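As written, the chain order gives the labels A, B, C and D, with residue 1 at the start of each chain.
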Amino acid sequence: MISFENDYNTGAHPRILERLMETNTEPLSGYGTDPYCEQAKEKIRASCQCPDAQVEFLSGGTQTNSVVISTMLSDYEGVLAADTGHISTHEAGAIEFAGHKVLTLPHQEGKILPDTLKKWMKDFYGDGNHEHMVFPGMVYLSHPTEYGTLYTKEELTKISSICHTYQIPLFLDGARLGYGLMSLSTDLTLPDIASLCDVFYIGGTKVGCLCGEAVVFSKQNRPSHFMTSVKKRGALLAKGRLLGIQFDTLFTDDLYFEISSHAIMMAEQLKEIFHEVGLPFYLESPTNQQFIILENQQMEELKKEVAFSFWEKYDETHTVVRFATSWSTKEADLKKLKELLLS
Amino acid sequence: MISFENDYNTGAHPRILERLMETNTEPLSGYGTDPYCEQAKEKIRASCQCPDAQVEFLSGGTQTNSVVISTMLSDYEGVLAADTGHISTHEAGAIEFAGHKVLTLPHQEGKILPDTLKKWMKDFYGDGNHEHMVFPGMVYLSHPTEYGTLYTKEELTKISSICHTYQIPLFLDGARLGYGLMSLSTDLTLPDIASLCDVFYIGGTKVGCLCGEAVVFSKQNRPSHFMTSVKKRGALLAKGRLLGIQFDTLFTDDLYFEISSHAIMMAEQLKEIFHEVGLPFYLESPTNQQFIILENQQMEELKKEVAFSFWEKYDETHTVVRFATSWSTKEADLKKLKELLLS
Amino acid sequence: MISFENDYNTGAHPRILERLMETNTEPLSGYGTDPYCEQAKEKIRASCQCPDAQVEFLSGGTQTNSVVISTMLSDYEGVLAADTGHISTHEAGAIEFAGHKVLTLPHQEGKILPDTLKKWMKDFYGDGNHEHMVFPGMVYLSHPTEYGTLYTKEELTKISSICHTYQIPLFLDGARLGYGLMSLSTDLTLPDIASLCDVFYIGGTKVGCLCGEAVVFSKQNRPSHFMTSVKKRGALLAKGRLLGIQFDTLFTDDLYFEISSHAIMMAEQLKEIFHEVGLPFYLESPTNQQFIILENQQMEELKKEVAFSFWEKYDETHTVVRFATSWSTKEADLKKLKELLLS
Amino acid sequence: MISFENDYNTGAHPRILERLMETNTEPLSGYGTDPYCEQAKEKIRASCQCPDAQVEFLSGGTQTNSVVISTMLSDYEGVLAADTGHISTHEAGAIEFAGHKVLTLPHQEGKILPDTLKKWMKDFYGDGNHEHMVFPGMVYLSHPTEYGTLYTKEELTKISSICHTYQIPLFLDGARLGYGLMSLSTDLTLPDIASLCDVFYIGGTKVGCLCGEAVVFSKQNRPSHFMTSVKKRGALLAKGRLLGIQFDTLFTDDLYFEISSHAIMMAEQLKEIFHEVGLPFYLESPTNQQFIILENQQMEELKKEVAFSFWEKYDETHTVVRFATSWSTKEADLKKLKELLLS
């Protein structure tokens, strides 16, 4: 059985486990105040070319979205997101649990188009009374999106500019950021993102960690007493070292970029295989998630030997499925997949 | 520098790291649905002699308290706890974040005495109208308590009985449960706890794990759609394997009990040293946390070579400090401490 | 200046003020436990032909929606509503404040079509994993809707049946219920609504009260300790008599229906005037809210002498506006409006 | 049957009902934007000698406490209150519902002593780490307290000064403020309170209104978009006129002070009666609530002819009960009470 089920189905990059072993017996102070956390933060700041950035580590994506959004919004504000955004659909109401509404915008292949946002803001502040409505207090983007697509530098610049016009922060969910940065067709760098966004996170869980996301507040805008707010949300790990050591490892010798790049190369090969086999793509994704349309019978057959994800029904006889590569995808598995598809 | 600062200052038990290594490349399903989680649950059920127990894994203590309490209380209820309870003082308002009040009872060395609880309940339901008050919906105990003390079987039986009289669940915070179970002066076993409590957790973070707590619902009383509620609180790890593998290791060949017992033996030696040196104890603790009273000058001197925790001021010239042993405490460090204290 | 701005721009029906005067000096017990509240509840039960109904009084519409929804949903559930529903758009995030998501369905003239709901439920429970999503825990309808439209008995029966299939309650927001019940083109009676819905409220604020809504739990399904939950939300009036006396008056000698009927007759005359003048309707409303399209210049002129509400932009040169009649609308004002429009 | 049960057992001051009648048919804009609200605010500002104060109207005490506290606290903060404070005990967890902890201080006859507060703050910021604790973000006082007692000008000045030292607002719950201001033994005026507190409210529900409290932000410190936050909490009345007209009436020709003074005179007579009869006082209250100790048998007898409140058990054979006067207490009732007690 080979697996392209998702990008979190294996453990951690071996170098991370080695570092955990090496440092295991050192007594370290808790709650993220240890030197490995400090080192990791310093390396991330350097990688972002943002020496003033405030970096914080959390355990997972939903937790990070909930903590960041709910500590940055004012009481009367909600967060704008694509209707396909992770916070809109697949976080079980975590934003609402913290008391805030997700205001949804129609998506285009998972993205919010700058014009859609612009028009929405203009309409909101345009006519009539909006004191009875939730105010837009933040824009949330995922990059790559839930469909594997990417914002261009032009798009992100425009969205950033709209946010600044209305004086609300731009938050980028980078659960799969590495795969976006190493995509063959992106023009956005990590420093670009640090500069255009007010806050974003560098995903670890899906890019080589056992768990962990690194939140970057790039404009000296970390909420006051952030550690207490993290604790209040049950999100403060006693052994912060677990997060610090992982990110320290990922940002040593460009490991994060190297393993992300590997996933992209594997995805390119995967695309080639699908092209060769003649399987139709649901949409064009330049990152590690590939969406294809399978005839239902074919899907059932393939399931017996390959793990992949159900995405959505296409029509009565076809289904959209997702194949994901990751830092741990092996070329041998691609080869085997190709054989299976051609057989 | 030697450290008795707390019981979470080192990494994980080596056998846990080995297991993480060994299983690292296996593709596993996410969110706690992998076979290691299943195995771990089975072993915990066996250890509790509670074949029907529902076991769930979470990452840390505050998170566990918040998730368990807020999913089990009704809207109009709060949780009863000692005024020294972790949820009352050191969780940054996590219970209140989830919308519920912590109703505090006066403690005795960290414990709620059965009579204190009984009287409180009787008074609450006694006279007058209580429709404008928060209803008691659960009793929260920590065992060992924040002062290292332990409930006796008689006390726990009485408290359990009061809870059942008023039909509210009894929840035991076992962040340091192993150290309680292996104490030389306890008469409570894990099956006793599973039988007397409605829900409790077996702490991993402070007993050999990188992170992780195992919640046991021992009365077929796990809240409906618990996974969704966990996700809603940002507490669902994508790589549930991280928790499953750790607990599977801890509950294989009684590792959990063995390493807890080690910490207790180290604590007994620590107590002996303090007795020999003539340092006064703040209270008598039968577990891994020891509280002694230091003269302030002496404390400042000792700090230079030994890490320990400030607990509270004793008087103008003395301070209560905490020394903690753990699964990872080395005998050599105790020896060194003794030398320092005697020099 | 004449006003059709909304249906809450005058005080209370004179008979209500008289009753407040008459009973003013009687010492009564607080928090809704007085005999006027009891009498009012009894009369409402009779009017609903639902002798077992549990009736509770609250102050306003948003408060009622928030209290009812948040006390009836389970932790992992959200409420389904039309994307134009009041809770979706104009309650400042009150449902989210209480920790729950509003799941939106596309509307048709303010209504949820039964087929839309049916398909949504089927899709939700159809394929794939939904443990990471907010579960549908209730259906919220407004009747009349925000566009003044009404559900037919057939539609409400179908929606009720879908709710029962999935075992979730159907909640009807009747902020303007009187105007719906007395519409010339409805086939739904108050007993029908009590029978088809699990919970609904009879609006007072917009139908003759100073404030107040009467919530009817028609299936013995009032949440446990409801008074405490109301208090917890800051929604319990000390002088519950204010609500009891108002509803007692409204449900004596059919006053509620009589004054609602008056508003409908006024609305019918209003429609006739617009037809005569040749003003286009934005949609066909059978209740007290009428939506017409005005040329912008004309709108500005009319504003100087008549109060009405901006609804939304129609196109660059036209605007949709709302005229509302109510229990207090005077025929003389209609006459004056007609003169103005014809002049 | 005569009633001293509480100070909210009758309707509204007759002048208020008259004004509601007189203005009833005027079409007014909603949600507190009408001219009566404006007038009332202006009069309150004048009465407070605080021309810059921002005044807002809400419906009841618990609602006001919850709205004010939760909109003024930061995420990581809680509110300090006496353990007998209304928010600590009798608001069903309303503060916690909004996500914040009530941090309790021991009371003295219902009051927080300045030294108690000072010591608490010093200890909190004194030693050790408090990042895991709820930060003190506001001080809540009730004046009169739940025991009818009053802060002196010196005490309030000291508490205000401590708050300013720690840069947190001082909030005074004035549910019964009129009775405090007109007490024969107070040295605090309304302008004093406006000057010493950062926010407070002037109670209407217990001082002549059907419902309503006037919140005064005296330091230009009303939270941003307050109306939206009020709406989000279900606390915005559509017919804001109900509150505006009531407070406009109360602050016309000093009616608020005049009727409060009446209640105090009635309380003084009540005290005299108790003294004459030789009933022991539980504590000395200078306001409209009087607490006496009754022998249980005597209490049961008296109950048959007089309504009063159970307060708490005194001992096995005695009970503390509360007699309250109000703006509507009649001298004839006092006379009758005296006769009953002497018979």
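One rule holds in what follows: a residue touches a chain if its C-beta (ideal position, glycine included) is under 8 Å from a C-beta of that chain, and two chains touch if they have at least 3 such contacts.
Only a predicted model underlies this, so the values are computations on that prediction, with no experimental measurement involved.
Between chain B and chain D, the least number of touch steps comes to 1.
Comparing chain pairs B-C and C-D, the larger number of C-beta contacts belongs to C-D.
Summarising the inter-chain layout, the chain whose CA centre lies farthest from the centre of chain B is C. Chain centres here are Cα means. That of chain C falls 34 Å from that of chain D.
Note on chain placement: the centre of chain B and the centre of chain C lie 50 Å apart, centres being C-alpha means.
Annotation for chain B: residues 76, 91-93, 97, 99, 131-134, 228-229, 231-232 touch two or more other chains. Remark: chain D residues 31, 70-71, 74-76, 99, 131-135, 223-225, 227-229, 231-232 touch chain A in the complex.
Note for the complex: chain C touches chain A at residues 76, 78, 89-93, 95-97, 99-102, 104, 126-128, 131-134, 310, 312-313. On chain D, the positions that touch chain C within their shared complex are 1, 3, 5-6, 8-12, 14, 17, 20-21, 23-30, 59-67, 91-94, 97, 205-206, 210-211, 228-229, 231-239, 241-242, 307, 328.
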